[in-house]
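This is the structure I have questions about; it appears just below.
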Amino acid sequence: MAIMEISVVPIGTESTSVSPFVAECVKIVEQQGLTYEVTSMGTEVEGAVDDLLTLAAQMHQAPFTQGAQRVLTIIRIDERRDKELRIAGKKAAVLKRLREMGIER
Amino acid sequence: MAIMEISVVPIGTESTSVSPFVAECVKIVEQQGLTYEVTSMGTEVEGAVDDLLTLAAQMHQAPFTQGAQRVLTIIRIDERRDKELRIAGKKAAVLKRLREMGIER
Amino acid sequence: MAIMEISVVPIGTESTSVSPFVAECVKIVEQQGLTYEVTSMGTEVEGAVDDLLTLAAQMHQAPFTQGAQRVLTIIRIDERRDKELRIAGKKAAVLKRLREMGIER
Amino acid sequence: MAIMEISVVPIGTESTSVSPFVAECVKIVEQQGLTYEVTSMGTEVEGAVDDLLTLAAQMHQAPFTQGAQRVLTIIRIDERRDKELRIAGKKAAVLKRLREMGIER
């Protein structure tokens, strides 16, 4: 089990707005039925690495079908073999430590 | 106004757990009083670019004070001059488009 | 044709040195017969996006076979459909502009 | 001593070509007198972390002065305290290991 953070950016599209492109990418994640989280800087998805990279290839193609001629895709994959890594669990571990330090989020 | 996504990773620390290091970094953000969001893959912070990069320098130093000998810091900064960019607004724009496509998050 | 920049980082290894892990990853690229470039911060490879992501999956696995329990892989893919994108050509385009600005590298 | 890899990307420009923007950013690095390397996916610079992030802020501003309305800047900083980290040395360490594995670059 791994977590992927992915951001797909169309280049040279005239408009500075990228949300129509981002939404189309998130739709592809939604259709895969994988657990995911939308953030302001990308999409986090959990799953097996091979599945995540297959998904990344599909997301990267999406802006081209919407007219973009150049696409930059930024991916980070975090995988642990000693422990199950999940979006909710990883975030909860940080929030728990913050609470121990007196910071409530 | 810009949004920064930052992830600070200690290298060669024996333990595969990084949450103690991450929490210390988030504490630094908290002390700055900037608007931020903790995600499973990093921390998103909004502010002026100069302030964000000053903050990034402080966060990058934190693991060294906790004993790390090598630190990898990954940063993405997204800045618009034609419109105010904020974490909540940017995420809401994507979720709105998803709803229009019939996807409820 | 696209260019991928990839960096595979083992987390929680005892040593701060990562070159044995990096070399093993580069060996995998070499065996694929794809055009690539080693830089101080990662490996750049050119090819079709599907091939590049298949390669990325193999490179991401490598540190686990060398004993790592956690691996962070950072990928950027740049693809153009209006023009052939190659490592040598893309770098040459920047160097040409620099020369026009009086900067010789 | 640290190494920074930085890539500054204008968003919503009409052209898919980014080399005029990249060259302007490299010019800023050149003027600082820091040791750097141009790759096909960005610029690698070595120096103290504070100096590198000050430089990053200047490079991030450059596309705005050239007419861009949105800029995405991607940064990775690798710093070691147990050993001096330099672009040439880090790359040489990987190439040396590759030669020991029978791969000549």
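The letters A, B, C and D name the chains in turn, as written, and every chain counts its residues from 1.
Following the convention adopted for this analysis, a residue touches a chain if its C-beta (ideal position, glycine included) is under 8 Å from a C-beta of that chain, and two chains touch if they have at least 3 such contacts.
Everything quoted here is computed from the prediction, not taken from an experiment.
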> Among the other chains, which touch chain A and chain C together?
Replying inline: B, D
> Does B-C or B-D have more contacting C-beta pairs?
Replying inline: B-D
> Which integer distance in Å separates the CA centroid of chain A from that of chain B?
Replying inline: 14
> Taking each chain's centre as the mean of its CA atoms, how far is chain B from chain C in angstrom?
Replying inline: 24
> Any idea how many Å lie between the Cα centroids of chain B and chain D?
Replying inline: 20
> Which residues does chain B have that touch at least 2 chains other than itself?
Replying inline: 16-17, 69-70, 72, 74, 76, 78, 80, 82
> In graph terms, with chains as vertices and touches as edges, which category applies: line, ring, star, complete, or other?
Replying inline: complete
>> Which stretch or stretches of chain A touch chain C in the complex?
In response: 49-50, 53-54, 56-57, 60-61, 64, 69-82
>> Help me check something: in the complex, which residues belonging to chain B touch chain C?
In response: 9, 11-18, 69-70, 72, 74
> How about chain B: which of its residues touch chain A in the complex?
Replying inline: 3, 5, 7, 16-17, 19-20, 22-23, 26-27, 30, 37-42, 44, 74, 76, 78, 80, 82-83, 87-88, 90-91, 93-98, 101, 103, 105
